[in-house]
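Presented sequentially are two complexes of chain A, the first with chain B as partner and the second with chain C.
Moving on to the complex of A and B:
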């Protein structure tokens, strides 16, 4: 091939579609790269390597967990309760941890959702006095940045106060309050979900154009009516996104569960009252089950830990897909923050 | 409902959130006070064996003598700082490269794959990273990376069994990069196209244009991402308690390669492991003192991180 030919082909638009074009593009790239400094080439190569590595790591993680999950998980495990046992196959299933995770998610979301949405509405729609609004915003940033282990140990201090004895067991001889129960863990866990619900809701509210509110006022609606009839319906998908993100964080948090749920293998009611007793009682979630059954924990049943981790992964991936499903209708990117 | 009462109703949760934060700092500080008062600044000092001190606190039981309150937490503080700094340093480089790849280099189809990948990596619970660490990475390090000579050379000080600095930092980096990538991608996308095109028009190669114009313009965002990520890395308890080897030991860089395999235990992991025996008053106040250190430093980091982020938003890059 003559050099003139190569030159013509490398001109954009001349090469046409298909093989010749991609070949000439490759040649052009090679031509350009030969002029580059070695350091720049290393930079480009490193960026490609890191980008591809991310995909490989994520794929390996998902495939490995999937492989182990299918290997060790059986239908029987999903519907039987965990038992104490010396051998791995004696330790029963993961029904109680799954129920525990769901209970915690329900309880924590039920507390966090009104708190976060209410706070976001107040900040955007009222936000007076201004200094208080600023303090509230930084308080939420502090919660988002605080280590969950510190939040957990704060919860322990609160729920071991004598006046909190209704939330968990107390020692029979009038000793200290145990301070560990579903109520304790769920309440403290709501702080974990709060920032993501708050942030998505606030950003959505801020992106509602001013004239939408003015149109509503113009029709004679009050601020409160505008919030209920106009703003809340508009930002509902964003609240849903934030809630799903928050649920994912709740399902994945281990520190709060380890400190505040008492880590009993089965759900153990704290009193005789049917439903309330369960919430006053202790139990485990998938995360604490994995933690306790890993080689560093007390149970040391890695097969069971893999099975539980697989279920937890499915849950997290499911919540993530929910986020992107809702996110498709929203503008902007949904990368974690 | 009238407007006035609606404002009050919505103001309640807002004020509640602030009260919770204040209560958190106050409660932890009150519980931490006896330990800090007893040890003073020597709290940060080092002693022969921090694990023995903690063991003594557990054994001292409910009416502990004053000597049980003694704690020299340097190995734990050092382990926290070491894992955080290493993970954030590696994480910053990788996430800048990854963000450049996503925004400027990757073919659109590949870039579309990375967004969910990053989101997934951010969403994987720390306990699963810990599980994979202890069941896959730790045996690999133990069987293939640590040589017998290395094991013997430090056998009289510390047994090398796999868990330690290397696995901790690798997993910690993996856990914090997604957050950093997300922030840096946002910033890179916000750099006006014209700036880079100006550089290209001057005959600079596209990589040079990216590095000298775009990356330079988003330096505050990179700093903010690193600061926020270190707040996250600082508080990671569960994963590190699983793969760090859980020994109150300070790995020294001048030990050579062995440095990477030496076990350690950061503050957060210590809290998670000792929370069971928290009824013993000496242990209780020590654990709360550790929590106070973590809380204050992460508070400082997240506040300064968001301050940097805020100046960026007002700055020229948008």
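Moving on to the complex of A and C:
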């Protein structure tokens, strides 16, 4: 500090307006850097470079998708159904894949959320018998690590069993069960979201201090009342985080959709019953739509694919915002952890 | 050098304390405090508690009475079993895996094992070392304690007077009455602890258990809580565990000194501090160990 001041004083009038201060800041930085070892300097520079590179990649992705999306997306695309067509301009819109994506997210989350939260509660609050708890935890880790295409083909084997014929199309003459429907894809897709919801919930529950539970038991509350009124409200934001992560994975998965939803161009009801028929029927999501219409897919309508990818990105961002809004802690309600 | 942990030593002479009712005592101190005590509410009868895998019981055949209108202070060095004993009084110790209790604890003459557990814990409620309000509003913290486990939950209009009464008894009402919807965790440490006291009082207990209630508080809040204990004991029996000997002396009517699971000495507070009968007690209260 003092050397810098001396230097500035000894060269009066140099630099003009702003000169001395910027010069001294630069010199201070140089002075600080001279204290670093060369290896540290290289390490820090590399960390900076990698960080900047990641920012550039992320920005490029968002900007490119945004640019392409805005270029090809039109309101008409959002409200019209996809069609089979030879040219890009007569393949219709992306209404059905959008509805399909939403249906799959809703269905899979509706299955995964209670399962995952219930399992986490059982593991942390009861955990007996211990061997069973251990096995369940390992099983969830296996599911989390399994590639979704493997889960998908396993799911297909299940949903093609004759006894699962209620869940999808069957051949009219009593032949094979088709095994592809919203029910099939949604059920199997719940396995994709389950581990992240389970893990965040379990960790949040484990971080609630023991004396908080005991305070509730000490007031004559049952385990269930304690879970419902104290523990669940406390971990709600974490459940929301896990759910948002899970929804993102559901919305982004393609393998399960191609194998278990059929990836048909339009939604096709599986029976005459309204709503239930839709769930029994096939359809597509934005991911399978993008896959089919990408330059390598059979549809080969890249403009539509870009537009759909843009919509998918917006959808996931919107869902995440919605979930974090639902799960937001009331300020000041954080337990000390 | 002494080995650590210190070798287990039986205090054979003082193993069975001479439990004398204050009214039967001849000395002036005991008679001076005696009249304020009501009937015996809680009786700890030869209670032993052991944890699985531990070489010796955490609490060893302890017998103690707790009377209406008195504060019983449990003192002793760390690991002497005082908190374990306290936690057994509302059967909270059962939550610890591997804990086992022998002997009987009587609440108004009934064995606490025969009382339905949620009912027992309403009659014998507890304050913890760490202030632990739930992450909800001040109002809901107290209301949560009152709400029955039934399907129909009483409305705010029904709860409001009872919440107010509990907060007033805990001396917190004037500080929070303007904003009962504020998150409880925004209160200061001392206020949080008084909210926990209000919560414990809201269930209208017969006995209040306090596990080092002031150890996380500053001296001013400690003073406020101690003042509160003085007022509360008019209407209920209080058992307090404390590390702080001065506090035991200030708030305790009777003091029980425990060492390594054994009850070494029990008596009126002033007597135990001024004229301890056991050597071990004298050493402890004079500060030579602990």
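Just so we're on the same page, the second predicted complex is superposed on the first by the 272 of 337 C-alpha atoms of A that agree within 3 Å, B and C clash if a C-alpha of one lies under 4 Å from a C-alpha of the other, contacts with A are read in each partner's own complex, and residues count from 1 in each chain.
One rule holds for everything that comes next: a contact is a pair of C-beta atoms (placed from the backbone, for glycine too) under 8 Å apart; a residue touches a chain by one contact, two chains touch by 3 or more.
Predicted, not measured: the structure shown is a model, and the values here were computed from it.
Visitor: Which partner does A:29 contact after superposing on A: first (chain B), second (chain C), both, neither?
Guide: Neither partner.
Visitor: Identify the partner contact of A:158: answer first if only chain B is touched, second if only chain C is, both if each is, neither if none is.
Guide: After superposing on A, A:158 lies in contact with chain B but is clear of chain C.
Visitor: Determine, for the superposed model, which of the two partners chain B and chain C contacts more residues of chain A.
Guide: B
Visitor: Taking the superposition as given, does A:79 touch the first partner, chain B, the second, chain C, both, or neither?
Guide: A:79 sits against neither chain B nor chain C.
Visitor: Tell me which partner A:211 touches in the superposition: chain B (first), chain C (second), both or neither.
Guide: The second partner, chain C, only.
Visitor: Thinking of the overlay built on chain A, is A:273 touched by chain B (first), by chain C (second), by both, or by neither?
Guide: In the superposition, A:273 touches no partner, neither chain B nor chain C.
Visitor: Classify the contacts of A:121 with the two partner chains as first (chain B alone), second (chain C alone), both, or neither.
Guide: Once the two structures are laid over each other on A, A:121 reaches chain B alone.
Visitor: One more residue to check, A:222. First (chain B), second (chain C), both or neither?
Guide: Touch partners of A:222: chain B and chain C.
Visitor: Scan A:233 for contacts with chain B and chain C and give back first, second, both or neither.
Guide: It touches chain C, and chain B stays clear.
Visitor: From the superposed pair, tell me which chain A residues show up as contacts to chain B and also as contacts to chain C.
Guide: Dual-contact residues (chain A): 222, 333-336.
Visitor: Over in the complex, which chain B residues touch chain A? Could you list them?
Guide: Where chain B meets chain A, its residues are 1-3, 6-7, 9-18, 20-21, 23-24, 27-28, 31, 94, 97-98, 100-102, 105-106, 110, 113-128, 130-132, 134-136, 174, 177-179, 181-183, 185-186, 205, 207-208, 211, 228, 231-232, 234-238, 241-242, 246, 268, 271-272, 275, 278-279, 287-288, 291, 294-295, 298-299, 301-303, 305-306.
Visitor: Which residues of chain A touch chain C once you look at their complex with the stated criterion?
Guide: Answer in residue numbers: 209, 211-212, 214-222, 225, 229-230, 233-234, 330-336.
Visitor: Applying the document's contact rule, which stretches of chain A touch chain B when the two form their complex?
Guide: Touching chain B: residues 32, 35-36, 40, 43-44, 46-51, 54-55, 57-58, 61-62, 64-65, 114-116, 118-119, 121-123, 125-126, 132-133, 135-136, 138-154, 156-158, 176, 191, 194, 222-224, 227, 248, 251-255, 258-259, 287, 290-291, 294-296, 302, 305-306, 309, 312-313, 316-317, 319-320, 323-324, 333-337 of chain A.
Visitor: If you look only at chain C, which of its residues touch chain A in the complex?
Guide: Per the touch definition, chain C meets chain A at residues 90, 92, 95, 117-122, 125-126, 128-130, 132, 134-136, 144-145, 149, 182-183, 185-186, 196, 199-200, 203.
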